[in-house]
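Consider the two complexes below, in which chain A is the common component and chain B and chain C are the respective partners.
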Partner chain A sequence: MKVWLLKKDNVKALCASASGRWETYVPIESFAGDVQFMRLNNEKKELFLDKLKLDYESLVVPPKVIAFPQLESLFKFQDEKIIETVKPSVKRLLFGLRACDVKAILFMDDFFKRNFEDIYYLNRSTDKLLVIVGCKHPQENCFCTSTKTGPFLETGFDLQLVDTPNRYVVEVGSKKGEEFVSSYRKFFDEASKDDVECSRIAKHDAEEAVSLRLDFEKAIKRLCENEPPRQMYEKIAERCIYCGGCLYVCPTCSCFNVFDDVKASSGARYRNWDACVFRGYTREASGHNPRFEKWILTSRRYEHKLKYDYLTTGMSGCVGCGRCLSSCPVNIGISQVIEEVSKE
Partner chain B sequence: MKNEYIPHPAIVKSIQPESSDTKTFMIVFEDKTLAKSFNYKPGQFVQVSLLGVGEAPISIASCPDQKGFLELTIRAVGKLTQAIHQLEPGDRIYIRGPYGNSFPLEEVEEKDLYFIAGGIGLPPLRGVIKSAFDRREDFGKIKILYGAKTPCELCFREELKAWNKIPDTEVLFTVDEPDQTWEQNVGVVTTLWDKTDMATFSGVAYVCGPPVMIRFVIEKLLKSGFKDENIYVTLERYMKCGIGKCGHCNIGEKFVCIDGPVFSYAQLKSFPDKEKAMA
Partner chain C sequence: MDNLVLTTCPFCGCGCGLYLESANGMIVGSYPSGNHPVSKGALCVKGWNAYEFINKLDRLKVPLVKSNGGFKEVGWEEALATVSKRLLEIKEKYGADALGFLSSAKATNEENFLMMKLARAVFNTNNVDHCARLCHASTVAGLAATFGSGAMTNSINEFEDADLFLVTGSDTTEQHPLIGSRIINAVNDRGAGLIVIDPRKIELAKYATFYLAQNNGTDVAWINGMVNVIIKEGLHDREYIEKRTENFEQLKKVVEQYTPEYVEKIAGIGRNLLIQAARLYAKSKKAMIVYSMGITQHTTGVDNVKSLANLAMLTGHVGFASTGVNPLRGQNNVQGACDVGALPNVFSGYQKVADEAARVKFEKIWKVKNLPPKPGLTVTEIFNKALEGKLKGLYIMGENPVISDPDSTHVRKALKKLEFLAVNEIFLSDTAQYADVILPAASFAEKDGTFTNTERRVERIRQAIEPVGQARTDWEILCEIATRCGYKEMEYDHPSKIMDEIAELTPIYGGISYDRLDPFGLQWPCPSKDHPGTVYLHKDKFAKGKATFMPCVYKAADELPDDEYTFVLSTGRVYWHWHTGTMTRRTSTLDREVPAGYVEINPKDAEKLNIQKGDRVKISSRRGQIETQVLVTEKVKEGSVFVPFHFREAAANVLTNPAVDPVAKIPEYKVCAVKIEKI
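Right after this comes the complex of A and B.
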């Protein structure tokens, strides 16, 4: 694997330069301190880049919003005529992703390609360059070393930046990544053996810094082999307020609802995020609801991620980002379920 | 890449009332090429919509051998289906699909076929029943057991009476609440087991109806000697996309929209109990 150096001083200039040819998304710190992945606006590029924050703890909203926005129109209509709104595919640069989020993006890509292709998602996701900036200070709710989704990846990225003092060591993970470096060669320097050694130490330190350790494989294996006792889900159901927040911030949750909005003779059909913990999620027009009891909603929510995704794809839908716990108003997280299932 | 979410305009050609809350709509695609080329298999469904109202999965009640039109039997239950019931011949409706798997028929040649339906559960079976009659000589006995709450909730009554006259074919009706003119069986559909011989070793059953009916019918079928893999059930679930994306119809790791809606009892049995909702 070819390795390069990127001076920290060069990062903003590189992003600014790349945004000419790529629709570029970078982590931006808001005035309240939250970090969000935002599109670099060409006119206000400098203003935006002043708020660039690569050493963030976690993006509040996962980068799935880029290809799978919370609300989008499937088509418009006027006087019973359908007007298509699907946008053509564009080249996108996602600069500064965490390893766990890249795993989640790859998981979502595969889902939206499987069986029927979802043109809305794929047009936003197919032609993209994924640049990881590995996590240096993992937050307390993360457990990516247990899910083997971070803090650094072996494959799946185009470029992976390792934060070492003063500069990033850049690992090239694909031909696309290699071409990107050649296109913007002036921002990159040759890396020495010492630099590679520095990055090895930085990666090791980052891994050590992930404090939450779970027996993830055991939990999945157990869930696939046996039904956990109903009481486990009932205990969670007692506390859960079924707000769906954990699923909105989950980087691999992709359920959506579809609805029409109409005024006079024109309107649009939209899709928006949905969550399997909502009571109406499976309710049919007749009122019949095959999944009504709270503990069953809860079991679905966790078993879909940990068991069914694994049975279908060989990869669990949980990437250990810890967002579900961080965002939960009553302090429930998938890590607690994993812990409970895997304990002796 | 095809945009699966864009529905095709079609015209309602005729409307046949089936019962107080159910009508059969005969629909033809506006695009003549599509009208001719639209192929489907018995058991599949389409996503039906009215722009500005919404979209829902509806099983195709017509037989694939009849080209050029679709028949959809729709009960007015929710916002969309109530709006569809307001349509008149000549009105526009939107269709995409067909989606889902289908009932096996080629695979079961020479066997006895048993169709068991409850209420609005007959239309999803009608396509496969008609396909079977189109090549009647390829199968053994055919029995149709059909129940509804009241006599006026029985769909396709005239057609069913005509089918009853086909050689080696038996159609049995039952209702829970008879009216004064009702002369046939009274009781749930499983009470028809007392009226006809259902014992079999290799018979194939096709079942559609409300969840509680499905549960009791399967019990009866198993007792009569039907094998798990010879019982086919078509399931209904809330669906938004029909193409395995929106998530609503998932059961275990399956999606009813792409892995179903037709499942054998052997498959159904393997689903986790808490997700089956057969109560």
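Right after this comes the complex of A and C.
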């Protein structure tokens, strides 16, 4: 694997330069201190890049929103006519992703073409370059070392930046990544053996800094083999206030609802984020609801992430990002389920 | 994400910080702010779905005037000219007090301030009020009288340190989810105590140390009962009472007869339970009283609030962090709409219209003469006067009284009787249907301004997209009308200038200006530019100096069950919907969850009536009848039923009793008598 150096001073210039050819997304800090993955607007590039924040602690909204927006129009209609609103595919650069989120993106990419090709998602996701900036200060709710999804990856990225003092050590993970470096060669320097050693230490330190450790494999094995732990689900269900937040912020939750907005004979069909903890999610037209009891609503979420996803793809739908806990008004997180299931 | 704007949630009084995402002039997402002191990375389901209604195709986009029983589209010029001309004509013909102005707890502080300025400075009437009348009018009156300030004493984050919560008449997890969640966490994760007193077995009841199910409308009795126990057992804070309060002897005298045995007979709360709950409240160091509509929406609403204030003063639970009397304000900006004077008896900052010095101050800044000194009509009185034919013209900004006010048949009749009705709205509401002119307004996503949340936090809303169609912001519409009526002092280029005027005239907002409100606002009182805002009230000294015990005597509700109308009806909201449903019933996820109205009925009553879950029933009161489906649940007591008021096709307020509290004029939504028949 080829390794390069990127001086921290060069990052903004690189992004600015790349945004001419790529639709570029970077983590931007708002005036309120919240960091969001934003499209680099070509008109206000410099202003935007002043707020670039690569060493962010958390991103409330996962980058899935770039290819899978909370609300999107599928098509419009007027009288008998249908007007397509699907956007043509563009090259996208996602710069500054965390390792766990890259794992999630790969998971979603697979999901949206597994049974049929979801053109709305794929047009936003197919032609993209994934640049990881590894986590330096993991937040207390995440557990990527247990899910083996971070803080750094071995594969799956195009470029992976390791934060060492003054500069990033850049690992190339794909041919696309190599081509990107060649195209913007002036921003990159050759890396020395010392640099590689520095990055090894930085990676090691980051890994050590992830304090929440769980026996993830054991939890999955147990869930796959045993009856659902009903009492545990009941306890969670009782406490849950049904905001849907854990599902909305989950980087691998892909459920959506479809609705029409119609006035007279014209309107549009939309899809928006849905959440399986809502009763309306499974209520049938007759009013019958096969999943009415709260514990069953709850179990679906965890059984899907930890068991069903694993059984169908070999990869769990949980990437250990900890967002579900961070966004839960009543402090419920998937980490607690994993802990509970795996304990003796 | 393309464009993100940090703003404030438009639903409840929690005032969560959320980001609206927009693309091509449309709102496409709503996400919590991780750093906002209330939301902290979380939202309730309504906040998460706040993006959808804004885009709906049936938003009002063009001014409309009534024509041949329907509406016809007109230009702004014609619409505004008609409104100003008709309002002026009515004033000319019948006098200023033949006009009424309903402001809005959903609109911004700036817009509410301008609505009351329009009523007072331009039309010379104090007939301006808004839906706070229907929710916390009792709080404003009751707490102002006892403590000197009618607002929530403490702050939302203080819930995280309290030892005990006494929650009464607040279904906190459903109505203020991000406050309810703090109670759930405190009780489950660090063993805080919880006393729930509510006729309905609400969600929080399952976490309660003690759950007391009082009979509807008996709050003064059980509160006096607790006060009685605390005094009898010597658990009151003598030093605090001596130093910081007055009129204790009177309290002692009044509560003497409210022994646990006596209270049990009235309120149906077991005597031992009452005693234990009273002890726990008195002995807890940091104890917060939390209440809402279950306390205020009674003909004894003010008495209920005063009684809770008595209980808190008695035990020294006011004036410290994580204590206090905490009315949870319902609407996103009902606190602010009151603060800036959209009330018939006060200007902004609760400065009384009857006070000459206050009038002189406002006259000077507004450049008018002879502001009226007599308090105007309340919401409930406005409709009565309209029906009597004494109030002729009404201007409503963003309220839907046909669904939200008690005895809606009466409201509809009153609206029909008006000579002129103008309405600012975002959707064609049931109320707007009665309008002569409808002015299409911008939604919260389409304008700048401020909301004040329940903890007195004045926080910004920020424009994310241009107003849809030809819609205009309420503040611009109000200014246009004032100017057309010949008034020159209502021209602003931005809401920040309106806030500057509010600050100039309003001591509690004196230090507030837009440059100080980023990112998360300031909590009033904030009297000067260098003041950091106030987290909790009455520290060291009450707003009125010494707080006053105001003991009250129990009075029964206005209308109780009898042989014909055998059930007690209580009304309220559900978690998934907001008030009259104009926004949430247009939100797919929320409307899917609870698509229709229903009545909650106890299993024993259901058996007696031979009805089952899903059956349709007719519910009637002396005022009207509705049909709806049955939900059989232990949540309600035997003899009681509950109907949410969101659903126009089964509108609970067709049934409710318009009898009001004599002081606050708040209607008794929580008790009326109904009968139930299977269809």
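One rule holds in what follows: the second predicted complex is superposed on the first by the 343 of 344 C-alpha atoms of A that agree within 3 Å, B and C clash if a C-alpha of one lies under 4 Å from a C-alpha of the other, contacts with A are read in each partner's own complex, and residues count from 1 in each chain.
What we mean here is this: contacts are C-beta pairs under 8 Å (C-beta built on N, C-alpha and C of every residue); 3 or more make two chains touch, one makes a residue touch a chain.
These figures come from a predicted structure and were not determined experimentally.
Student: Could you classify chain B and chain C on chain A, in the superposed arrangement, as clash or fit?
Tutor: These partners fit in the superposed model.
Student: With both complexes superposed on chain A, which partner does A:A209 reach: first (chain B), second (chain C), both or neither?
Tutor: The answer is neither, since A:A209 touches no partner chain.
Student: With the two structures laid over each other on chain A, which partner does A:G267 touch: chain B (first), chain C (second), both, or neither?
Tutor: Both partners.
Student: For A:V3, decide between first (touching chain B), second (touching chain C), both and neither.
Tutor: neither
Student: After superposing on chain A, what angle in degrees do the C-alpha centres of chain B and chain C form at the C-alpha centre of chain A, to the nearest 10?
Tutor: After superposition on chain A, the angle is 80 degrees.
Student: Between chain B (first) and chain C (second), which, if any, makes contact with A:V181: first, second, both or neither?
Tutor: A:V181 sits against neither chain B nor chain C.
Student: Which partner does A:L54 reach: the first (chain B), the second (chain C), both, or neither?
Tutor: neither
Student: First (chain B), second (chain C), both or neither: which does A:E227 touch?
Tutor: In the superposition, A:E227 contacts chain B only.
Student: Using the touch definition from the top, say if A:L74 reaches chain B (first), chain C (second), both or neither.
Tutor: first
Student: Check whether A:F256 is in contact with chain B, with chain C, with both or with neither, and answer first, second, both or neither.
Tutor: Only chain B is touched by A:F256; chain C is not.
Student: Rounded to the nearest Å, state the minimum C-alpha distance from chain B to chain C in the superposed three-chain model.
Tutor: Minimum C-alpha separation, chain B to chain C, in the superposed model is 11 Å.
Student: Which residues of chain A are in contact with chain B in one complex and with chain C in the other?
Tutor: In chain A, positions 257, 259, 262, 267, 274, 283 sit in both the chain B and chain C interfaces.
Student: Residues of chain C touching chain A in their complex?
Tutor: So the residues of chain C in touch with chain A come to 1-2, 4, 6, 17, 19, 21, 23, 27-36, 41-45, 47-48, 51-52, 55-58, 173, 177-178, 180-181, 184-185, 188-189, 206, 518-520, 575, 588-589, 592-593, 614.
Student: Which chain B residues qualify as touching chain A in the complex?
Tutor: Residues of chain B touching chain A: 1-7, 9, 49, 51-56, 77-81, 92, 94, 210-211, 236-238, 240-241, 243-248, 250, 252-253, 258, 272, 274-277.
Student: For a test of understanding, state which residues of chain A touch chain C in their complex under the given definition.
Tutor: 30-34, 36-39, 41, 58, 60-61, 65-66, 69-72, 238-239, 241-245, 248, 257, 259, 261-263, 267, 272, 274-275, 278-280, 283, 287, 326-331
Student: For the complex, which residues does chain A have touching chain B?
Tutor: Going by the criterion above, the answer is residues 74-75, 77, 80, 82, 84, 86, 111-112, 114-120, 122-123, 227, 230, 254-260, 262, 267, 269, 271, 274, 276, 281-286, 288-291, 296, 299-300, 303-304, 307-309, 311-312.
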